[in-house]
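Labels for the chains are A, B, C, D, E and F, by order of writing; each one numbers its residues from 1.
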C-alpha cells in the first residue's frame, strides 16, 4: 500500500515537472523578444536540475548528483553571457 | 603566528574553501584533508581578493543569532510570497500592477549588499534591477507603495534589520 | 522502486528531452529567426543532450557536456557575434 | 534553386541510410570482449573506480596525448590568427565602424561582488572534479573546462582586466611537459607509456589510490584549463587591437 | 531507450547537415555544425547503452564482482568525452577564422566572397 | 519497502514540482519580460529547493551534496535574474502597458 502510494507520488511529481518543462519550452519557442527566450532558457536549466535529481533517484546512484552540481554552479554563466551581449558589454 | 603570510581576509577565504571541500568530499580522512589544504592554499594565492560568506561576518554573539534568525525569516518569506505569487499566476484575471520602485539601503559591506539584493530577488514579487550606491531599483509585480520611504519599509526593512547586525 | 515503472519513467523523460532537442534544433537552423536566437537554441540542444547522456548512463559525458556546453560555447558564439555586430548590421 | 534541391537529396539519402542502420540495430545483451575485460580487470589492474577515467588515462593514454596535442594546436592557432598583423589590406569600413564602438557599459556592483564570491568556489569545485577523477564522474577534461569557466566569469565581470597571461602559458607548458614525462616514466619503471603503476595502487576507493591516474589527471586538467583560458583571453584581447 | 537516443541523434545530424549546407552566413553554418556535433555524440553514447544497466563507475552501488553484469560499455563514453572537448576547440578555431574573414572582407555572407567565383 | 520518511519525501517532491509547474504557467501567462522573470526563475527556485529537500528525506545519506546544490542555487540564480533584468532595462526592453511607474528610467533620464 505504502509502496504504491510512493510510486504514485513520484509519478505525479514527474508529470508535473514534464508539464512545467513543456510550458517553458512553449515560451522558448514563442517568446516575442530574445530576452524572453533567455529567461525561458534559464528556467529550462533549473528544471533540468530537477530532472537530473529524478534521474539520480531512479538510478539510485549518488554520483549522478555531481552533474547537478555542475549545472547549479555553471548554468548561470550562459545567461550572464547573453545578458552582457544584450547590453552591449561583450 | 601565520598572520604575516596571509591577511585576515585570506585566512577566512582559506577556511571557507576548506570547509566547502570537506562538505563536498563528505569525509575526514587524512588524504582528503591534505589535498584540501593544498588546493585551498593554491586558490587563496591565485585569487586573494575572493569573498566568502564569512569574510565580513562580525564574529559576535548577536551576529550569529541574527544569522540564524535571518535564515528563518528568509525561508518563511520565501514560502509565503511564493504562495502569493502562485495565487496571482493561477487566478484568471491576472491581478498584477507592475512597476519599478526605488528604495534606500544603509548597508555598506559588499556581502551584505549582495545578500540584500539576492534576498529581495528571491522573494517573488520583487526583483532587483539595479544596485547603484545607496539606491536599489526594484521591480515589483504588485506595487503597493510608490514613495521611497514606505517602499523601503515594506520591502527591505525586514532583511536589513538582520543584515545590519551580521555584516554592517 | 518498481523496475517496470522506473524504466517507463526514464523512457518518458528521454522522449520529452528528445522532443525538446528537436524543437530547439529546428529553431537553431531555421534561418528566418535572428542569429542570437539560433545560438541560444544550439546551447539549449547541448544542455538537454547533457541530461540525456545522464539518462543513458554516461555521467562523465554528461558532466563534460554541461561544463562545456553551458558557458564556454555560448560565450564563444556571442563574443564573436558581439564583435561582428559592430560593423555591418549595426542597429 | 538547384543547390537546395541537391542538398535535400543528399540529406534524404543519408536519412535512408541512417534509418537502415536504426532498423538493423539490436542492443547487445552482453558486454563484448573488450568491455568485459575493462569491467572485470580495471579495478585490480589500475585501482580506479571510474572505468572511463582508467580507459582515458592508461588504456588509451596515447590517444589522450594526441587529443591534448590537438587542443594545444587549436589554442595556438587561435592565438596566431588573432594576433597576425593585418598589413597590406586597406582598412575596411567594418574596422572603421568598430573604432567608434562605445565603451563597455558598467558591469555593476552585483556582478562584481558575485564574481568575487563565486570564482574561488568554481575553482575549488574544478579541483574537486579533477582530483576525484578516478572515483566519481569527472576528471581532467571536465575539471579543466570548469576552471576555464571560472576564468570566463572573471573575464565577464571585468572585460578589460589583464589576467596573468604569462602565468597561464607557463602553467600550460609546464603541465604538458609533466604529462609527457609521467608517460615516459611509466615506460621506464612500469609496463608501458602512461602506465599508472609507477605509484602504489593504494586501497580501492580512497582518494590516494589508482597509482598515477590522479596525478596525470591533474596535469591534464591544468593543461586543458590553461588552453581554454588562453583561447578566451586571446579572443577577449581583440578589442584593443 | 537506445532507439530513441539513436533516432534523436540521427535526426540532429541530418538537421545540422542540412543547415550547414544551405545557409550562406558563416556563423549560421557554425551553429548548424555544433548541432550536428551534438547529434554524433548522442549516437555514439546511444550505441553503447544497454537496457537495465548502470554507469561504469564502481562504488557501493556496483560492486567489483558484479561489474560485468551491471555496467554499460565504457569505451564509447571515453571516446565521446574526448570528442566533446575537441569539438569545443574546433568551434573556437572556426569562429576565429570567421572573425578574421569578417575583419578582412567586411562581411560574413559567403555569397559575397567573389574572389573564388568564375 | 517505502517507509514514512519516503512518503514525506515524495510529498515534498510533489509540492516542489507543483511549484515548477506553476513557474511554467507564470512564464506563459505573464505579460512582459520582467514579470516573466519574476514568475519563472523564482518560483522554480523554491520548487527545486523543495525537490532537493524531498530527495534528502528519501536518501538521508545524500543530504550533504543536496545541501551544496541548494546553496549554489541560492547564490547563482538570483544573480542571473538580476543581471538579466538589468540588461533588459538597459536594452530598452518592452514593458507591459500595465507598468505605471519606472523610477529607474526616470533617474537615468530615458
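Everything that follows uses one rule, which is that contacts are C-beta pairs under 8 Å (C-beta built on N, C-alpha and C of every residue); 3 or more make two chains touch, one makes a residue touch a chain.
Quick caveat, the model's predicted, so the values are computed rather than measured.
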| item | value |
| --- | --- |
| Minimum number of chain-to-chain contact steps, subunit E to subunit F | 2 |
| Euclidean distance of C-alpha centroids - subunit A vs subunit E, Å | 22 |
| For subunit A paired with subunit B, centre-to-centre distance based on mean C-alpha positions, whole Å | 23 |
| Chain centre separation (subunit D, subunit F; CA means) in Å | 31 |
| Residue list for subunit A, restricted to those that touch at least two other chains | 6, 10, 14, 21-22, 38, 59, 62-64, 66-67, 69-70, 73-75, 77, 80-82, 84, 87-88, 90 |
| Multi-partner residues of subunit F (each touching 2 or more other chains) | 22, 25, 37, 45, 65, 68, 72, 75-77, 79, 81-83, 86, 90 |
| Residues of subunit E whose C-beta touches two or more other chains | 2, 7, 18, 49, 51, 54-57, 59, 77, 81, 84-85, 88, 92, 99, 102, 106 |
| Chain-chain contacts as defined at top | A-C, A-D, A-E, A-F, B-D, B-F, C-D, C-E, D-E, D-F |
| Residues of subunit C defined as touching subunit A within the complex | 1-2, 5-6, 9-10, 12-13, 16-17, 20, 23-24, 27, 34, 36-37, 40, 43-44, 47-48, 50-51, 54-55, 57, 59, 62-63, 66-67, 70-71, 74-75, 78-79, 81-82 |
| Interfacial residue positions of subunit F with respect to subunit A in the complex | 1-3, 6-7, 10-11, 13-14, 16-18, 20-25, 27-28, 33, 36-37, 40-41, 44-45, 47-48, 51-52, 55, 58-59, 61-62, 65-66, 68-69, 72-73, 76-77, 79-81, 83-84, 86-88, 90-91, 93-94 |
| Contacting residues of subunit E [partner subunit D, same complex] | 2-3, 6-7, 10, 13-14, 17-18, 21-22, 47, 49-51, 55-59, 64, 67-68, 71, 73-75, 77-78, 81-82, 84-86, 88-90, 92-93, 96-97, 99-100, 102-106 |
| Residues on subunit B engaged by subunit F in the complex (per definition of touch) | 20, 23-24, 26, 78-79, 82, 85-86, 89-90, 94, 96-102, 117-118, 121-130, 135, 137, 139, 141, 143, 146 |
| Subunit E residues touching subunit A - in the complex, by the definition given at the top | 54-55, 57, 59, 61 |
